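Pasting the structures here.
You will see subunit A twice below: alongside subunit B first, and alongside subunit C after that.
Coming up: the complex of A and B.
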């Protein structure tokens, strides 16, 4: 289903479904797009159990984001004030546990060499440790929409390849958006629920077939 | 042969293999795992694996000091090159370790002005009446051409005496990790992976105690396997050892 089809689907549902009469036909497509964005983020990142959280922590559920990933070539720029190199992300990345919305940062032509992600405090914590003295390892830290790199990245590369999980609203209308793991129903339900058409369903993946409203 | 796998793995290869076993698909923890692998491998280098590193150190002729390698943990030999063999030097803990706060580099006189009290004299290796004399004459042990003392705090070796060509050979136990990483012998890789499995579980509060204990046991088991390989000797070594004490006498 393309992005435009997703929006059209929700619009039709609202117009002809059980939405309150005052809402019918009054939802702008941009508004639906934003609610769909929230629904995608909510459904795909929902962790109901500690086991699910552990799996997400290890990235074992990251396959579900592959179909929502796009590649970009980013220029490496210099921040002279901080004496650091950085790239600017061209899109807003889906917020996923451990910043996994940034799937991979690699050289443009050698995807076997990966740069390692760091959280902002890691730069201090890892400084001085043995791993930090190993040459050839390059790290990146996310700051807003900027990726700051460590080390001598400029010696080797002028551009990097970034594989990013896009938020729904960052896709083009003609982009095919594949929802993994049979999550379509949940996304529609949550979107309608967020828009006030219906209370969100209890969509806890607890192995029971009983669907109750919260 | 080209189609055979190498007998060494890089540290990062071991960490990748470990992450594959865990089914981990994110690089978020990779740096943490590499650090843990370094610590685990350093530990194995010291206590399990029979390897030594060698460094040729240049001795500063003014201060008679040489800097220790960054991966130095403890030494097995310090010597100088004599012909094609190593002449080991003697440790002397009476060499004063200089400690002046404001002088850098270390003051020369503190090292050179030391007076060594030695009760003997040294013969250079020579032939005497057709017989090779290669050592001290008429004295007990503990005398040498040069002496050393290691200052671990400043990672420096201090020397006293004659160091030929201002070069010493240092054989030492390494942490196993250098700036370019480390090469892990293939027989040690399973133990290192088991170490990583254990340590990652050990510090995760979500993992139950019995699982942590089981992973520690698996690590111990892999260590035992590693020790078995490291401590075993082959038939040639055995025979050499046996024959070393045997001698043949003429029949009468």
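Coming up: the complex of A and C.
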């Protein structure tokens, strides 16, 4: 489904389809978009109990986000105050454990040279290591919507390729949003639950009918 | 049926030919005009039938294809086949058409314009989520005009219901008898299958007038039952 279809589907469900105007609900598409964004975040970030998914979560890459990824070419700019190079993310990235919403940062024409993610709190530990003096080994650190790079990145590249997991509201209306692993129903149910239309579903697939969240 | 045939039916039902004193021209035209207006009001919705949390009467505009068929002749489409779009000035104002009675839909570039009540206008204009823009325009009804947001929409399609033309039965008296004049009469605009309902309303008014409460009761029952 495209983003527009996701929104329309929820709207028609809540509004009552083609019911007479007096009876039809009046749910604004922008509100629905925000609730859908929450539902996508909730469902896709949910800790899973199935072994297979636990293994997938334990790995650095979680396959379920690949279908929600878009690529962007980002300019590398200089922050002269901090003497660092950075790029600005063009979209809000889905917040996933270990900053996995940023799937990959690479040179624009050499995706085999991946940059390495680093948390802000690791910077002071890592910057002094000899390993960082090796040519081509670049780290990036996320600060809000900016990616700060380590090292002398501008010697090599003026732009980078960023593969990012978008939050739902960052997609274009015509973008096809492929939800992995049969999550459509959960997303619809969570959205309707958030909007007060129906009780939230039992969102933990643990084989019981008890309403639990985890 | 024409207005003369309806009059014949009313007289028959009220047994007026037999008892004499048929509805005179002024009385019949008064009832005809009243029934025409009341029938329109019933068809697009009586607010008296609203229930708490359910602002929908038994009959309302667009509630069924039957109602749409009954009222279709009064649905005016500005921006449709025969009329230009509604013009919005640079301040976002558009004059309500003189014959406007009931809103049906407003569209900007094919997209529905949301109509909101005046009491929530401030909230919507200041909203960080549901603020108006060209993708999600708003409009508010005032006495003689509509106010649109954003203000620079320029033109919109505007579909609304107008009042039916007031029917008129014209006749001259010849030999103490009314002789119907079809050329100067104005016929009902309603579809033929609704004429019996309108005749029934006239019977209700006339029977009230002559204090024939049995007939009034019968007319009300027929109005409720639809037959």
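We adopt the following convention: the second predicted complex is superposed on the first by the 175 of 214 C-alpha atoms of A that agree within 3 Å, B and C clash if a C-alpha of one lies under 4 Å from a C-alpha of the other, contacts with A are read in each partner's own complex, and residues count from 1 in each chain.
Criterion: a residue touches a chain if its C-beta (ideal position, glycine included) is under 8 Å from a C-beta of that chain, and two chains touch if they have at least 3 such contacts.
Fair warning: this is a prediction, and the values are worked out from it, not measured in the lab.
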item: First, second, both or neither for A:30, with subunit B first and subunit C second; value: second
item: Which partner, subunit B or subunit C, touches more subunit A residues; value: B
item: Partner chain in contact with A:118 - subunit B first, subunit C second, else both or neither; value: first
item: Of all residues in subunit B, those that touch subunit A in their complex; value: 11, 22-28, 30-31, 34-35, 38-39, 42, 70, 175, 177, 179-181, 206
item: Of all residues in subunit A, those that touch subunit B in their complex; value: 50, 54, 58-60, 62-63, 98-100, 104, 114, 116-118, 122, 126, 129-131, 133-137, 139
item: In the complex, subunit A residues that touch subunit C; value: 20-23, 26, 28-31, 34
item: Complex interface listing, subunit C residues touching subunit A; value: 45, 54-56, 60-63, 105, 114, 129-130, 136
